[in-house]
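Both of the next two complexes hold subunit A, though its partner changes from subunit B to subunit C.
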Partner chain A sequence: MNHSALRTPWPWLSALALALLGVFVLYPLLYIFTASFAGEGRSGWLQLLEDRRSLEAIGNTLVLACVVTLFATLIGVPLAYVSARYRFRGKLFITLLPLITLVIPEVVTAQTWLMILGNNGVITRFLKGYGILIPSFYGWFGLITSMSFIYYTYVYIGTVAAIGKFDAQLEEAAQSLGTPPVRARLHVMLPVIRPAILASALLVFTMVVGNFAISTILGHNLPLLSVAIYQAAVAEGATNLTMQSTLASTSVLIVMAVLFVNRRIIAKGRYEIVQGRGAKPQPLKGAQGLLVSAAAGIVVAVSLLPLVTIAVGAFTVSRGPVMRWGEWTLDNMARVFITAPGPLVNSIVYAGIATVISVCFSTLVSYLVVKKPNLMTPVIDYVSAIPLALSGTVLGVGLLASFNGGFLALTGTSTIIVLAYVVRRMPFGMRNGQAILHNIPNSIEEASISLGSPPLRTFLRVVLPMMLPAVASAAILTWTTTVSELSASLLVYSGGRETLPIQIFRLIDSGLMAYASAYGLVLVAVILVPVVVATTVFKVDLFASK
Partner chain B sequence: MKKLAATTLLLAGLAAGANAADPVIYTTNPVPAVEAAQAVIKEKAGLTTGIITGGSGVLLRRIEAEKAAPQGDVFWSSSANTMGAFKDVLEPYSSPELANVPADLRVADDYFQPANLHVVTVMVNTDQLDGAPAPADWKDLADPVWKGRIILPDPANSSTGYTIVWGLSKLLDAETYKALVGNLVVSSSSSAVPKGVAMGEYAVGLTFETNSYSYVDGGQTEIAIVYPSSGTFTTPEYSALVKGAPAGDDARKAIDALLSKEAQTELLKVAFRRPSRTDIKVSDYVKLPELSSIKVFKIDEEEAARSRDAFLAEWAALPKAGSSE
Partner chain C sequence: MSEKTKEEGEPMGIAISNLSVKYGAETVISGLSLDIPEGCFFTLLGPSGCGKTTLLRTIAGFAPASGGQIRFGGRDVTELPPHRRAIGMVFQDYALFPDKTVADNVAYGLRARGEKGPGVEEKVKAALERVGLGHLLSRHPAALSGGQRQRVALARALVIKPQVLLMDEPLSNLDAKLRVQIRETIIELQREANITTVFVTHDQEEALSMSDLIGVMNKGKVEQLGTPQEIYATPRTGYVADFVGAANRTEVPVRPASAGLVEVEVAGHRLTATDALEGPAERGLLVLRPEDLNISAEPAAGRQSLPATVRGRQYLGARTSYSVECAGGLLLNAEMHGAGHDAFLPGAHVHLGFEPAAARVIRS
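Entry: the complex of A and B
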């Protein structure tokens, strides 16, 4: 690095970014890794090997992740295929899918499934009338069903674009060379869209490993890794870290292994479509069209069911835990806004601050990484992606352990909640920002500088305005995912600082579905309003970077 | 960069803005009870309280973990059995309100303050009986027809569960006890027990009347509460002051308010907690029987606490109907 480089602000900003990432991402991670070896008494890993229940939890989590990934792919890929290649009735509905997953709190989804398929669920009772007994929804059956119907949307989103871009002429070429249609599709199309399918499937895998909300509600007594980490963290507190850090490290190692595999697979088999002409969706008519509409319709309706349940529940009269379906009231909503507005206010304030910090930081840092590379930037790029490998529970454990005392005591403050939000969601903004920056030619910036504008002003006046659409979509995605964050904040929150998801989680635990639904509906509104305003009023393309 | 600095400032402001002096209550109680208590504390002592919820064992271990720098002020509530092991992180407090509490509920040195009295009930969902007669006593539940249909909270994690199985081991003969345990499904979460019965997931749940009665009060007509004819178990629940409570005197005021007639009446009305005070007539407020009309089988709480580890080891070895796997 020469002398003149030090006169620009970029090396200094890089150093600052690296320092922040070091303190808030690397330090907590290393802290739990070391604590797993050097706890009080014996190493956590030795204890883990003797703890049958923990080992069972790890095994169950791996099996669950595999099965859910398989089912989610089996639902998501065909759905993406029909919606990319065909036109049929109700197709518009399927385009709503990405929003559904962002909007419905997982706690509510789990509870809704219980109301439908639990021992006393609507369908269970119906089938019982015909003498058909289905297995208990608690445990494997419930976990696999509910998670598959949530996570298939990620496979759908991940593959629908790839299928849409696939050049149908290749398929036709194969057919004209004598390959039967079905085989042509499998042999020609599958290799091209395989990386997209694998990448989204592995994303589902890591999300199942990290899932806390559904695991804890439906897992009942089936040991699972994320629940075990949470229980160990709450039981051990911040002074004895042995078991929680060992389990958390295990989770990190699993996810890192998966991400490593992901890179290898994607690097290996990538087919480029040269001058691809995407296939025009073909209309489906008659019996075939009806069949596809019905199948896709069922999948979407099932995903929407929790939303309907909370919308109805929010206005239903209740007394204690008992719901009086069919009697309507505004009391539950009054409670959210008037009697106990704390969670709503907390959520908006914390998530708002976290979104601002996270977007500012990720915009600046992605600019540094893409446009002002120096010795530090590759490290910055790498470290800022680490939170992707941390589940919320693991991150919560790390932050609680690292900032309980010592040089930076944050336990029991609002800051630690905001910090958890920022660290957890910052990689989204990074990805977005880097993608758009690669498309902005350096020449524009160089022109501005050679005309005498200083570097920082050039960034603010020239580069930033061009990045703005991507920054806006990053801000919205960060906001939606931050407002609904539960697993990290549940560990680090303190009395009086409940957010909406935490309050919903507590209310469902107390059996108060009506109140929980009201908070749930408000949470959905808090998430949706900015999305709707941004997409309709400001015409922000939410998936601009994809 | 300015933006970054501004948000950092904002963050710092937020952290400082949180009032450190507000008492924080670590509580095992459900939301309606907590809110009723918070309202009375606000009204009587003028204090806003923070709440952390969790199971009794979990919260007490957390208090122990935080003993170098306590984050909580008041623990509310659990049985004396469970709290006994954590005496060194708690502090005795003889609240003036204790004058209205019967002497046999109080503990030596007022280490903990009796907050309410729990009565164990058999919560029955009559829609789920499937032809079996409704149970009237413990021994009825030993019938194999109930295998896998009775849920109870895990005795290792819940003082409710511990009180129930300890009492049963003393009340029943060894054979009936073993048969009954063989029918039980253990739930790691206490709140899942009444919910499971109310939703019809299980026909019978062993739980305190505060939980089962909330469904009767709500108007769920298929829920019946049975007080077993050979006697049921009662256990007082206690609040306690955390040693070195950061809120200081305000923590004591919060406990006074929790024990007041107003708080206990409110908790009876909202959360169906039988008061520990003698100056509240239960049937004036809710349709629960007076304590004098319920047959109670006395258990020795001290012995239960002393033998805890050995008893739990024995319990773990007994075959059960399952843990819903």
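Entry: the complex of A and C
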């Protein structure tokens, strides 16, 4: 870097971004790593080896992740295939699936499964009336069922995109060389889309490992890693820093190992797809069409079940944990808006601030990384992606332990909740921003500068307006994922600063499903309204940069 | 205010002295000196990777100089950031702002200079009318054709009355017919504004037809500087001879003959050629343009010629290109025009005649 570069604002902004990432991402991570080795007394890793329950939690988590990944792939891939290649009744609903996963927070999904199949669930009680006892939904059965029906959407989205990019002429080429159609498809298409399937499957794996909401609500007494981390952090407070750090580090190491596998094995098998002609979806008719429609319909219905359940539950009379289905009331909603509106207000304020900070930061930083590279920007790029590998629970533990006192005491403030939101969701904005910036040629900026506009003004007047569609979609995605954030904020919040997901979580814990439904319905509305307004009124393309 | 009037002053020449440019550890340009006179249309000609675009970007200020000096008129701009150099730049991909209308694109540079009000609108309208696009003020770039986009880019660069105009392969994304049209537009506008212009291209036809001066670049150096006529008719190196126009090049033993001429030996025959060796030498490079070689069935009387055999023949409509083989396997390219230019068939024994003035011997 020569001294003329120092006269532009970019090196200084890079240094500032790097400093912020260092304090709020690297420092907490290093803090828990070092704490796992050097606590008071023995190393956390030695303690871990002697702690049966923790080892069991790790083992259970790995088994759960494998099984859920398998089921999610088995549901997601065929669904993606039929919806990419065929037309049938009800296909529109399947194309809405990505939106459903965006909209329904995991804590609400877990809650609705309990309301239907839990100990006081609708179906459980109905069958009990006839003397039929179904196995408890808590534990393995419930975890696998509910997680598979959430996470298959990630496999579905990844596979649909890959099939869409697949050049149908390759298939025709194989057929022209004498391969029968079905074999041609298997031989030619599968190797090309396999990397996308594997990548989304691994994503599911890491999400199950990091999952907290469903694990803790449906896991009951089954030891699981993220629940164990949470318990070590909350139940025993900061006193057992060593153990919570060790467990959190274990979670990080598992996710890092998966990401490593992803890079090593999958990146190797990735093929360059030359711009090709996509296949036209073929209509499915008769029995075949009915079968596909029915199968797809079941998957979509199960995905939509939470929405229906909480919508009904929110207006149903309850006495303690018992729902009186068929008796209607507005009391639950009144509680959300009038009696106890705190969580609603907190959620909107915290998520609003976090979205603004996160979008501004990620826009500026992705600009630095793509357009103004210097010695610092590759490090910035790398460090800003780290939160993707951290589960919310791990991040919460890290922030809680790092900013409990010392040079920056944030525990017990609203700031630490906003901070958790920003750190956790900022990588999404980074990805969006970088993707759009790669599509803006450097000459556009140079044209502006050559016309006499200084660098910063050029960024504001020329680059930013061109980034706006991507920034808008990043803002919406950040908002939806931030409002529903539970696992990190649950660790760092303090009394009076409950957000909607935290409140729902606490109500579920107390078995107050009607109230939980009301808060859940409002939460879904808080998520959904900006999405609808943005896509219909402002014509924001939610996936603008993809 | 004083700076503004200075920036909008008369066009100025560009003086580059001992310039070096590095990309990381790699030196792209080293010790380059060049004087471009005021109002000159100067073309940097060379293949990709020769450093011509880097030189242009260094003049613009986008690539920092690691040594040497660049002056616009008397003004040292070497350390000046690009936005304060008072340049106008036209890019290969047009680089129009896609979210702004044609009028706003052209007004951008004026507004960046703090100009406001109806004065801006008038200048924008006049600039666009000058390039024949006065009716497209409120269009967006996406709704324009390639040629129209390049005209807008040109108007945008010129409306700010820059001291120098820099153009980076501005015609290479256009189809052949449009290219010729826009060439004329560019020349007219350049003459009208009498603005010092640096034009980068790899297209020799563009360079020859548009320029006052051409610098042929090779490996970060200006290999020959001259008018289009000088570059084409009297190339000083084999590289220039080959890059500008086609040329047969063959190394030959040389003996001095009468003033300005040398005797060379080609395929066992002694022939007379023009001495362009710039000093005594025993060997040299004989350069023969294909269009200067005349094929005939019998040797022309009173004219030097080489016996040869036709090996290949490409009929090109207005002319025919022949590949002929002389004694010793020497292959030469010859081009015939005029009536009967396609008369010779492969296998025919012919004679290649040429004037001593058309055969130049340069240093090898």
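Here is the rule we go by: the second predicted complex is superposed on the first by the 522 of 546 C-alpha atoms of A that agree within 3 Å, B and C clash if a C-alpha of one lies under 4 Å from a C-alpha of the other, contacts with A are read in each partner's own complex, and residues count from 1 in each chain.
What we mean here is this: a residue touches a chain if its C-beta (ideal position, glycine included) is under 8 Å from a C-beta of that chain, and two chains touch if they have at least 3 such contacts.
Everything numeric here is computed off the predicted structure, so don't read it as measured data.
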Practice item. Would you mind checking whether subunit B and subunit C clash or fit side by side on subunit A after the superposition? Key: fit
Check your understanding: Touching A:415 in the superposition: subunit B (first), subunit C (second), both, neither?
Key -> first
Practice item. Give one of first, second, both or neither to describe whether A:449 is in contact with subunit B, with subunit C, with both, or with none. Key: second
Review point. Of the two partner chains, subunit B (first) and subunit C (second), which one does A:10 touch, if any: first, second, both, or neither?
Key: neither
Study note, to complete from the structure: Rounded in steps of 10, the angle in degrees at the Cα centre of subunit A between subunit B and subunit C is 160
Point to revise | Partner chain(s) touched by A:24 [first = subunit B, second = subunit C, both, neither] | key: neither
Exercise for review: Name the contact category of A:457: first (subunit B only), second (subunit C only), both, or neither.
Suggested key: second
Check your understanding: A:154 contacts which: subunit B (first), subunit C (second), both, neither?
Key -> neither
Exercise for review: Would you sort A:367 into first (subunit B), second (subunit C), both or neither based on which partner it touches?
Suggested key: neither
**Study point:** Minimal inter-chain CA distance - subunit C and subunit B, angstrom
**Key:** 21
Practice item. Determine where on subunit A the residues touched by subunit B overlap those touched by subunit C, and list them. Key: none
**Study point:** Residue ranges of subunit A in contact with subunit C within the complex
**Key:** 2, 4-5, 7-8, 441, 443-444, 446-455, 457-458, 462, 465-466
Check your understanding: If you look only at subunit A, which of its residues touch subunit B in the complex?
Key -> 9, 13, 114-115, 118-120, 136, 138-139, 220-222, 231, 234-240, 318-322, 324, 340, 349, 353, 356-357, 360-361, 364, 405, 410-415, 418, 456, 494-498, 506-507, 509-512, 515
Point to revise | subunit A contact footprint on subunit C (complex, rising order) | key: 60, 62, 64, 66, 79, 81-84, 86-89, 91-93, 95-99, 108-109, 112-113, 153, 156-157, 160, 166
Point to revise | subunit A-touching residues of subunit B, taken from the complex the two chains share | key: 1, 3-4, 7, 10-12, 14-15, 17-18, 22, 24-25, 30-32, 35, 48-54, 57-58, 61-62, 64-66, 68-69, 71-72, 128, 186-189, 191-192, 194-196, 198-202, 214-215, 217-220, 323-325
